[in-house]
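Presented below are the structures under discussion, each in the form of structure tokens.
Shared between the two complexes below is subunit A, which has subunit B as its partner in the first and subunit C in the second.
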Partner chain A sequence: MIQVNNLHKRYGKFPAVRGIDLTVQQGEIFGLIGPDGAGKTTTFQILAGVLEASEGQVEVLGRSPRHARLNIGYLTQQFSLYLDLSINENIRYSAGLREVSRQHLAERRDRYLKLMNLDRFGDRLAGQLSGGMKQKLALCCALVAEPDVLLLDEPTTGVDPVSRREFWDILAKLASQGVTIVVATPYLDEAERCNRIALMYDGKIQQTGTLKQLRANLGLHRLEVRAQRLAEVETALLQAIQRKKEHDQEHQKTSSLVDIQTFGDRLDVLVHEHNAGTAAVQQILQNQRLTVEAIEPVEATLENVFVTCLRQQGADPPFISLPRSKPQYSTRRAADTAIQTQHLFKTFGHFRAVDDVTLQVHYGEIYGLLGANGAGKTTTIKMLCGLLEASGGQISLAGQTQDLRSPDLRRRMGYMSQKFTLYDDLSVLQNLEFYCGVYGVPRSERRRKIDWVLEICGLVGQEDTITGRLPGGWKQRIAFGASVMHEPEILFLDEPTSGVDPLARRQFWRLIEDFARRGTAVLVTTHYLEEAEHCHQMGFMVAGTVVAEGSPSQIKAAQPGKLMEIVTNQTQLTADLLKTQLDPWRVSIFGDRLHVVLDQPDRQVPEIQAYLQHYRFEDGSPLILQSLRSVPFSLEDAFIGIVQRAQEKSL
Partner chain B sequence: MFHKLIDRLLNSRIWALAVKEINQILRNKQLIFLLVFPPTIQLLVFGFALSPDVQFLKLGVVDYAQTQTSRELVSAMTENQIFVAQDHLFDEEELAKQVQLGQVTAGVVIPPDFDRQLQQGETSEIQVLIDGTDANTAGIANGYMTQIVQQFSHQLQANPRPMLIDPEVVFLYNAGLNTTWFFVPGVLGLVLTLTSSLVSSSAVVREKDAGTLEQLLMTPAEDWEILLAKIVPLFILMLGDVFLALTVAKLVFHIPFRGNMLVFTAVSAIYLFVGISVGILLATISKNQRQVVLTSFFINLPLIQTSGAIAPIESMPTFFRYLSLLNPLRHYVTIARGFLLKGVGIMELWQPILALIVFAIVLLTFSVKKFRSQLS
Partner chain C sequence: MRIWSQCIKELAQFRRDRLTVALAFILPLLTLFIFGGAIRLESKDIPIAVQDFDNSPLSRSYIERLYSTNQLQPSIWDGLGTAQTAIDRGFAKAAVIIPPDFSRRIKSEQPITVQVLVDGTDVNNARVIRNSIQATTRFFLKTEGLADQPLINVHSRIWFNPGREETLYIVPGTCAVILWIYPSLLAAIAMVREKEQGTIVQVYASSLSAVELILGKGLAYLIIGLGIASVVILISILIFGLRFAGDPTPLLVGTPIFVGSATLFGLLIGTRVPNVTTAVQAVATTGFLTALLLSGFIYPLSNIPFPLSLISNIIPTRYFIPIIRDAFVRGTGWLGVWFGLIMLAFLSLLLFNAARRNLSRMQLPD
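On to the complex of A and B.
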């Protein structure tokens, strides 16, 4: 369907794409992942016939992309909709552009709107839809011409997990109907749902393969380590890796531990081999007299693949701790509450945006506020920051309940919102100097702090660049640096990592963890559930209320039932069949696997097994059930379950 | 001691805010352009368009007399190309119609007994019709016409006696024409209004547009610090604009500058605060830059129209004449004319100056309050 040979694209002298080859088969979901500036969007634009390649052959459907345009659907990051037109009008407009006949239009519109669950809202203005619905509508508009190829450039950025999962289920369905899909995404858990994945960096494809192949190429395995004194365990293991590295250089031997990543209540250790790795970890911790609660061998994630691959390319942003000037306050009052709300309310007219929220964040704690778009996360943060007046309830910040907008209190807080909060027309240095000044960082220390931000962003020597010319991911990192230079005691982060590539996200979280360890209370919202694992505590918000609270492990453990992974020879068909038996949200497709949530596994598993085994195709051939096993809940599974159950309850 | 004070200033939030604003202004080529070119060009264009050097005005002639003297009078009128004889018509009604249609700007009617009256030494009355729609041109046309006819009278007789020909000028559509050389001070006020309101509103709304306002409000900076840091650099720039406009007025239009210029600068400064407050108000009620520009039309155009900057206040209906007392620009224009042309001072102009001060205080307070209320 798509054939690309030795594709090059240069903008002036700058090479954006430097020789990529790829082949995509019909009905395949092909994922393209990579950090900012890897050349993904350029590749998409060439495939869509919007840009001309500088060199190399590109064939889509056996023709040049420009000629195949009528059969290509292209979705960009921004919603390419007319917000002041209704759903129906938007669809009619794009059908008109693509010369779809009137009979076809009516039939396809009904079919696709039904598929997207939008059929009830035909007259609603596109501007009034949520982010997830807009993307579904944009997909509808692209589909109305029944394209053979769909090109989706980060279609789900900024869309909440529930909508994202729906979106991907639709993609899986389309692929099973023979549509070829190429998709880019910054969410690596989502990319795992592709049939094949290509990892792009620096204008080249570094690796291509199925998830399984990529894992095998990586040759590494993951251990989840849980322990009481996590910080000390991490330090001990890191030292061990460091020592091994030095040792290795002499002996040319590979060490058993490769990498460590800290999460809210566990460590991920990458090892060459499960058993030897486990033994090594235990050995190291025993030497340090540290106890472990559990070491669980699991499969490497796509993120592990991604990070390891990019590290080899030397793309890892450095982790440097902020040079401090204030004393550490972690030991002094770790037990104290930094942020507290009691029965917090916010109403807009009759609409209850935030409904009776009570939460508590201690110093040194990272608290994650998770929820779908419009669940009330941002409203809650804004009320805590004093940007919005609460309709009811109490707020206490750093022990203060009165005068929450006083400059004195705000000097002790940091805030970063999902929008880039830098002045685009100023240079990086001017921006940083401004935030230093306005937060009252003493002048003698400004240089050090600014240097720190430049260093973590890899912008040393480029501080006079105009901020607006930097890519989004970089701006986010500078904005983060700008909001913490004054060493806040309380830090509010509203989707700080949206649009940031996985490597930079990792650095982000190491920095956030570093702040927490030094006693800063962090309240963070995020759409990336893989990333929410970094939180110590989290609250799930649905329709303005907190419906579940706890550590990541507690939340996952509190999920009723089990998550089953099912592999058959007919993935889409199996999903469709199971959806007739179970609530549709319980079934989702991950590449060639199915994830199914069962509340009463003891009873339901045999039922499902029997049901699938007895199914016969029209020609009498059976559906082959290749495997059915229980897998641990991911936070995303937990999230979807919690949201769906809460919604069921409210109905 | 002094050193410490400087250090405290450099460490203060307001300094950081002001430096940021200045950096943004310096980066903003559009703003610099907005501050320099439109005021200069507006002043030049309006100034020359409304200048007294009127030429080629179309003149309709109804010559009932048809004598040599009457023809000489007409040629005197058209000699210096201020008027061009467009048409020789046969009756007044037709002339009136042509004026109405705008086909001629002025018309002259010479009575049949023109020669006879002159020979008898009587004063002959000729009628001059001038289209007063364009008040300024009409005023100028009137001035020239009067002069030409007077000179022609002088030529008719060596020893001056009471006037032989007395032109009786009738203004159509615009009776209370003010013939003073008033336009440059008026345009000065107009230019300051437009520039100060647009520039200040764009500086404030830009934060909203870019989403940085929220971040700014989360910093320890207080609302008044934020606004002060925005207003002060703009104010200084706008003062530069005042001097630029005055320079143009002096060098190009030779405005006499009769009054105390120091006091006039101070009054202009007060007026700038009015313009800046209007700008902040605009920015507060608008969501983005585009909306600001559109809304500013609704405010700035009526302000200018009812200020007497271009059309005289006397030509407005009574209701609007009183309403214009609520227009700060009207007071500023009055003051500017007083200082620049007539050379009068505070003693005579205390009323409009007081009005301006009141406007500045009320508008500034209101707009700062409004700005604060949008935050929560």
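On to the complex of A and C.
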């Protein structure tokens, strides 16, 4: 359906795409992943026929993209909707542009709105929809012309996990109906649901294959290590890897440990082989007299593949600790409460955006506030920063309950908002200098701090670039740098990693953890549940209230029932079948397998087994159940379970 | 019909945006009232000082005649010092000095010089005052039957008979300027907003052609512009007392063409500039200034110096002002305005073509 040969694109002298070859078959979900500035968006624009290629052949449906435009649906990174038009008006306009007849329009509109669960909101303005609903509507607009090819450029960026999962379920359904889908996403867990994945970096495709093939190419396995004193365990293992590396360079021998990543209450260790790796880890930790609670071998994730591949390309952004001028406060007040709210309320008219929120964050703690779009996270943060007046309840920041807007207190706080806080028409340097001034960084320190930001962003020597021209992920990193240059004691981060690539996200979290270790209290919101595992404490918000709180392990452990993983030869069909038997939210597709949440596994597992084994296709052939086993809850499964149960209760 | 669906969408967006709707209808009315009501090229109640050395019945009736127009009125000058001091101190804008032998020489039909001193600080005003006094003098001589002067300057008559004719001159021109500025401003914003919000990519990704896009958007803003036109002209008729002087069909035909050219001008600007701020500035400077200064609205076309006069030839407002003035003032109908209509149609085509060429690729710029 899509055939690309040796595609090049240059902007002036700057090469954005440097020779891409790819082929996409009908009915395939093809994932395009890569860091910011890898050339993904350019590729999409060329495929959609809105940008001219500099060189190379591109064929979509056997024609040039420009001539195939009527059969292509294209969703852009920005919401491709008219926010001041209603849902129906948006759809009618898209249909008009693509010459859809009136009868078809009515029928398809009803069908797709129903599919997206938007059929009740026909007259609502697009601007009043949540991020997830907007993207579903945009998809609806693209689908109304029944395109054969869908090009989706990061459609789920900034969309909450529940909506994202729904979105991907819809994609899976469309693909099973024969629609060809090319999709880019910064969320690697959802990219695992693609049939094939291409890894893009620096204008080129580095690897292409199914998840299985990519894993096989990687040749590495993952161990989840749980231990009490995690920080020390990490240091011990990192030192071991470092030693092995030096050793390797002399002997050309492969080490058994490759990479380590901290996730809140566990470590992920990449090893060449399960058993040897486990033994190695145990050996190292025994030497250091550290106790291990559990080591569990699991399969490598797409993120492991991605990160390893990019490391080989030398794209790892450096981790450098912020040069400090203030004394560390970790020892002084580790036990003190930095942020505290009691029965916090906020109402907008009749709408309760935040309803009775009580939370507490200590110095040196990372607190994650999670929830769907519109759950009240941003409103809470804004009230804590003093940007919004609370309608009721108490806030205490750094021990102060009064005068939260005082200049002195504000100098001790850092805030990075969801939307970029940088001036697009200033250069990077001018932006940073401006923020130095605003936060009162002493003149003598400025140069050092600014250099640090440039270094962590990999922008040394490019400080005169106009900020507006940088990709979103880069802007996020600069904005983060700008908000912490004054070494705040309390840091508020509102979706700091939205739209940032995995490698940069790891760097973000290392920086955040570094701040926490030095005693900064961090309150962070995120849509990436995999990275929420970095938090020490987290609160799940649904409709303005915190419905669950605890460490990632506590939250997962508190989940009722069991999570089952099912593998069959017909993933999509099995999902559809199970959704008729169970609540739809309990069933979700992950690449070639299904995750099913069961509240009474003892009774339900045999039922499902029997049901699937007795299913017959029209031609009488059976559905083959390849495996059915219990897996530990991921934070995402927990999140969806919590949100759905909370919503069921409120209905 | 993709043009139609484009048009419907534009109208729906326009209707949704309360602020734009308010701007589209309130600002033009404000402009109309400012230009039509507040700005007067004539002057009224100018204080003048009169020094009568003759003090005869004839000279007194001359003075009365001067004051009987509503343009001039006696200053509060106390009569001390010379007439010049009255001007110097700002009591009077002009002084009329009647010589001692005024009535004697007029009766013997000898020429007489009445000295008039005019405050020249305000050049425009000075000219008005001079004309006015000259005209009054001529009128005075004529009514007295003393001097038979057939050559009465028609031009100065306007100043001599102020009031309604001033409105007739200003208001139709104001309508033309309003109908040029606001539709083009709205159209430019509509075009550039799509670029700013990134929705233009969706348009590019569909196979909508440049012509369809321009016609669709153009049609929507033509309809809105005609809405503005009917409101503005209706208000002019109701409040400023304008009446059709003759056949209104040239105006009915000319208005859509003119508003269309304004819309196309706005769209052209919209295709060229990157954001709303620039679009507003571009339309305001190029559109407003040319429509105001080079269109014959305030300064007669014949007064525009050479290189600028060439520019005025490609300004649509220049052709529409005679059409609308003809409809409300002269009333000559088709015969007087057919050329302007053709020029308007021609310029619209030119603007359309320029906008189309800017968009011809319907692709993102490199």
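As a working rule, the second predicted complex is superposed on the first by the 651 of 651 C-alpha atoms of A that agree within 3 Å, B and C clash if a C-alpha of one lies under 4 Å from a C-alpha of the other, contacts with A are read in each partner's own complex, and residues count from 1 in each chain.
As a working rule, a residue touches a chain if its C-beta (ideal position, glycine included) is under 8 Å from a C-beta of that chain, and two chains touch if they have at least 3 such contacts.
Just so it is clear, the structure is predicted and the values come from calculations on it, not from any experiment.
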- [ ] Could you tell me whether subunit B and subunit C fit or clash when both sit on subunit A in the superposition?
- [x] clash
- [ ] Considering only touches as defined above, state whether A:Tyr423 meets subunit B (first), subunit C (second), both or neither.
- [x] first
Task: Touched partner set for A:Arg98, first subunit B, second subunit C, both or neither - done: second
Open item on the list: Is A:Tyr415 touching anything from subunit B or subunit C once the two structures are fitted on A? First, second, both or neither.
Closed with: first
Open item on the list: Once chain A of both complexes is superposed, is A:Glu89 in touch with subunit B (first), subunit C (second), both, or neither?
Closed with: second
Open item on the list: Applying the document's definition of touch, where does A:Glu52 land relative to subunit B and subunit C: first, second, both, or neither?
Closed with: second
Open item on the list: Output check: A:Cys436 vs subunit B and subunit C. Expected answer is one of first, second, both, neither. What do you get?
Closed with: first
Open item on the list: Once chain A of both complexes is superposed, is A:Pro407 in touch with subunit B (first), subunit C (second), both, or neither?
Closed with: first
Open item on the list: Which segment, 7-15, 79-87 or 133-141, is the subunit C region that clashes with subunit B in the superposed model?
Closed with: 133-141
Open item on the list: After overlaying the two complexes on chain A, where does the subunit B footprint on subunit A coincide with the subunit C footprint?
Closed with: none
- [ ] In the complex, go through subunit A and note every residue touching subunit B.
- [x] 385-389, 407-408, 410-411, 413, 415-417, 419-426, 430, 433-440, 442-443, 466, 483
- [ ] Note which residues of subunit C are touching subunit A in the complex, please.
- [x] 1-2, 4-6, 8-9, 12-13, 16-17, 197-199, 201-208, 361-364, 366
TODO: Enumerate the contact residues on subunit B facing subunit A in the complex.
DONE: 7, 10-11, 13, 15-17, 19-20, 23-24, 27-28, 210-212, 214-222, 375-376
Task: Of subunit A, residues touching subunit C in the complex - done: 11-12, 45, 48-52, 69-70, 72, 74, 76, 78, 80-85, 89, 92-99, 125, 141
